[in-house]
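Shared between the two complexes below is subunit A, which pairs with subunit B and subunit C, respectively.
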Partner chain A sequence: MAVDAATSRPPATELLGARRAGEATLSRVAKSLFFGAALFYLCVPMVAVLIYSFSTRWTANVLPDGYTLEWWQQTLSNPRIQSAFSTSVMLATLTAIIDIAVVVPAAYWSRVRNPHIRPVVELAAAIPFALPYIVIAFGLMQFSGIAAPQYQGTFALLVAGHAAIAFPFVYWAVDGAMAAAGIERLSETAEACGASPFQIVRRIVIPNISPGLVTGGLLSFAASFGEFAMAQIIGRSLDTVPLWSAEMIRSYSDTAGSYNRLAVVTLLTFLLLFALSAVVVYWNRGQTVRLLPGAGAARTGDGR
Partner chain B sequence: MATLSRPIVKLGLESEGGSASPTPIARMRGWLAAWLPAIPLLLLVATCLIAPVVVLVVQSFTSMGESGLTLDLWTRVLGQRVNQDAIETSLILAAGCATITLAIGGPLAWLISRMLQGRRAFWLGLLNVAANFGGIGLAFAYMATIGSVGMLTLVIQGLGIPFDAPRQGSMFALVVAYEYANIPLFVLLTIPAMAILRDDWWEAAQTSAATRWIFWRRIGAPILAPFLLAGWLLIFTWTLGVYGIAYGLAGQSGATAVHLITLQIGTALQSDVLLGPGRAAILAMVLLLFAATSLLLYRTMLRRALRWL
Partner chain C sequence: MSGVSLVGVSKSYGSVKALDHVSIDVCPGELLALLGPSGCGKTTLLRCVAGLERPDKGNVEIGQRDMTLVPTRDRPIGMVFQSYALFPNLTVRKNISFPLEVRRRPRKEIDERVDELLDLVRLSEQAERYPKQISGGQAQRCALGRALAANPEVLLLDEPLSALDALVRGRLRDEIRRIQQRVGITAIYVTHDQSEAMAIADRVAVMNHGRVEQIARPDEIYDMPATQFAATFVGSRNAVELDVRNGRVAIPGAFDIPAPEGTGSRAIAFFRPEDVRVSGPATSNGREAVGMPARVELKVFLGSTTRLHLVGQNGAGPISLYSDLPSHSAREIDEGALVHVEIDPALVQAFPL
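What follows is the complex of A and B.
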């Protein structure tokens, strides 16, 4: 087809070809500059934090005055940081467990028995998706003040709050896995073979949606681990990693090395979250990408 | 699925018909069978998401010392200069951030989607890594990079160029830090949409003597626009609600820092005892209104976008 045009008007294509070649080099240069800038922007902050965590004093010269492992040792052996990490890990673990425990039955039932559950859950998932966590946190603080004042500021309330804002991650992952596994047919078959509902869930549903469980569990863990607004408003008396970091970033003192310790904690948090996302990518067989959130919902909604 | 869901449908018909209606207990049992497994989730949602929002709505229409519903709190809070300022700045910041994200993230997503396997995997990996930086950690990374003694600041000064690091609470600082989280997110979310634009279409357009510009104007842009605009709306909404990064960056400089809705909610709760909760409630309502509006627009946009799937 392109040949047709070339044979009918040779001079024009020559001209065009020359112009195209010029354009091509120009656009290649522009592209490399664009990607170079992106690479720089994405990598420099990580490198800066990394160097910060190993430097003795870094206020005057391009590179630090010296390097040390002191901050890593200090941070890892600091009891307050240790307790912040264990609080955060416990909070995030409980969040993930609760979310899986409440979402899986609902998602399963909405697929095999009662399709009316789906629109309700999807509407609920839109709340933490669109509404800032600080608004939900403030509302929850006010509501708990009215309904259950004894729980205000407790770990339990923060777990409930985190479970509520992280549940959409689990729901989308689990529901997607159920669709991919064709759970309706599987459980129908199992029922025809005389399996009890409990057997179906334990031996058919759970094994077949394990990628969704891992993905959803890890995403909700990560969402809870890094969450700051709700932890600050609801769990002010607690000490999670983001709360500790916020305190450090505000109490700037150059000599005490608080920023170096903050660099270490930032890196540790970052490594943990990165490891989790790497596992998610691995479990989904390299599919890092997904459609805009809610796209799947809108699609099935249209179909019905 | 169809056979399994039949009992529910029958139940609904019977209760409507009423003639051979089952006893209340049987109906209750049928309802329970239909909803029981979802009840824990619905309880969690009702107590931790819906009830809090309802409480905020009610509180925003009540006032201390007065009974009944009133707009008093709304007019008082929205009349304050600080709050008007915060709403205006938040909107400008969110719209600006979303537009920058679209302008950089859009082309980036397109180019990455057209890369060969290996290079594409590298960029997706890098964006995934960067997307894990957030909140206070990101605020600190900003400071360690172009804060007053940040790495980049020291490098530029080391080259002999007079350079003052931008103030931490400034718009510039917020935009640079926010974009670090926004751009990777935007690219990761919109890359799948880029596959919709098929390479054959570009070839077909070329055989019809279309230039690259015409192709993009007539085919590429109309098809991708709903996806990109949906992404813009998401970034706009999420930027409006960012708290951690702003707290880490702007919180420190206290009174001189930019006024943002989320930061004002935080300070209202911490310092302002008298009007604090009321002020926070109104500002939370403002965020709620923006979130609801953009969610509706997002849904519409996505429905249009998905025609092409």
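What follows is the complex of A and C.
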């Protein structure tokens, strides 16, 4: 079971899948068939995990031998799991906050004030996708070893690393929302009204890109929450959910119920991210979220 | 009240000269219309006054103060854009109060001023609506109210009516004029619609290729365009290319005027359709008809006037021209009839080709 992939990706995939299906011009039947298949494909692993988390033993048969609440009780009261969860939530929250705080002014600046730096910013926002996280993590560790050895293995360094790899999610979501809102024009208008750059960002930019902010925040939260490679290299002394999960997998001891506890943790993670996604969908209801760069660019060519 | 002066302003985008040594003085309290075809640099000029573009050369002054390097937000301007640039996250009231809030005026003053402005632009009833919930005309009135909120010295309008339908456009144009005069604010109004410019402006600046071709009162521009471009762009005119003979430009029988300075062998003559005098169908009673003989090719009834498409014969070849007559005097003239055409030489303008 690939814990980090299974927990962090489904919410985003589901959002996109639903929208794709809505746009398709297939007949109703074909549409519902397609949608049903997609739903089945997405749900089966979660259902299996759900059943596993309640089962006493599940090896030879189609269904488990028996059911129990023991794993849930054990997991929820286990101090180590509790602390892994709170570390991961802190980590992901800080990552999302830092990324939003860095990206919004940067994206605004590159869009409105200095379009020349856009290629640089966009390249920077593509690098974390192009390089394996493990390479970035190694680089970061080497670098911190030279520059600031006292931070090695600390929570702070891991936050910094996660902020670096998760910021493209925020960037593309925010940039797309800015394009959709026509931020250049609104910004010029606000400037002609006498607003300072700070006032423009706070009163005009942020309220008009909130769908992108919420989406980007969720994506970076999820990316950080499920991230394993970097956490393992940089934060070995720490206990995050993916690190704990990996340990459970490695210490093959099914009889002790570690796989069942793993299933519980996986489900908890899923529920957490699913709840956050639901908040995002609710927040963005009725608005198209543009995650793709350049979406909505057709609206920026007015007036000239 | 303060005026606006542009002194030798130039601005290029790469190889495109958007503004080429433009000098304009807008008098205090005046509404100047910038008129010109698409791409001639009207928006660029306005953006230079607003500080949204920095000129490559030249100075921008508002009320005798040099503003060339002053950032937009510190300039005493209010701006209305072509498409509704209202803040979608703010209500009509909040949009109008925005310039006051960013200036941190006291709450009470803001509320009073906004009520006053809502009244001025007749949006009191829509005050709590969001931009999505009001019509295009209302949106532009809101934008106007917002532009005036902080008592700017200069009002800049960039084709504020171009996104509206014809009926609303006419009404709102007159309303903008009324408000501008009531407030007594200096205004620059960009448009590519000559009738809009004529109707609203104290003076019109005709622009072409980044240059100002003529600045004058609307009636002066209409009667006496200073350049060939102004003549073609303002009003509908007959434009006839003619040979220059003995230093004179003439359609034999119709008019005969001295050639303009610097003319080579060809010139172009402009005259208005309503200045073309048509004397009824040549009669066979022996009375000598005056003017150039011409045949009526087409007769178009336009309501109060009727337009005749005429083809004149002056020996050198056929000459096409239009004539606008009051409909009642065009009644006797049928298509295909032969008429005689004359134009008062004082109303003909010729330019070198």
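In the analysis below, the second predicted complex is superposed on the first by the 226 of 304 C-alpha atoms of A that agree within 3 Å, B and C clash if a C-alpha of one lies under 4 Å from a C-alpha of the other, contacts with A are read in each partner's own complex, and residues count from 1 in each chain.
In this text, contacts are C-beta pairs under 8 Å (C-beta built on N, C-alpha and C of every residue); 3 or more make two chains touch, one makes a residue touch a chain.
Model, not experiment: these values are computed from the prediction.
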Touching partner for A:283 - first (subunit B), second (subunit C), both, neither: neither
First (subunit B), second (subunit C), both or neither touched by A:151: neither
Which of subunit B and subunit C A:131 touches, first, second, both or neither: first
Subunit B versus subunit C, judged by how many residues of subunit A each one touches: B
Touching partner for A:164 - first (subunit B), second (subunit C), both, neither: first
Which of subunit B and subunit C A:186 touches, first, second, both or neither: second
Touched partner set for A:143, first subunit B, second subunit C, both or neither: first
Which of subunit B and subunit C A:246 touches, first, second, both or neither: first
Shared subunit A contacts, counted only where both subunit B and subunit C touch the same residue: 188, 302
Touching residues (chain side subunit B, partner subunit A) in the complex: 1, 3-5, 8, 33-38, 40-42, 44-45, 47-53, 55-56, 59, 104, 107-108, 111, 121, 124-145, 149-152, 154-155, 158, 180, 184, 188-193, 206-207, 209, 227, 230-231, 234, 237, 240-244, 247-248, 251-252, 262, 265-266, 269, 277, 280-281, 284, 287-288, 291-292, 294-295, 298-299, 302-303, 305-306, 309
Subunit A to subunit C touching residues, read off their complex: 181, 185-186, 188-196, 199, 203-204, 207-208, 302-304
Contact footprint of subunit A on subunit C as seen in their complex: 43, 50, 52, 71-74, 77-79, 81-83, 85, 87-89, 98-99, 102-103, 146-147, 149-150, 156, 158-159
In the complex with subunit B, residue positions of subunit A that touch it: 1-2, 5, 31, 34-35, 38-39, 41-49, 51-52, 58-62, 98, 101-103, 105-106, 108-117, 120-121, 124, 126-136, 138-143, 146-147, 160-161, 163-165, 167, 184, 188, 222, 226-229, 232-233, 242, 245-246, 249-250, 252, 259, 262-263, 266, 269-270, 273-274, 277, 281, 286, 288-295, 298-299, 302
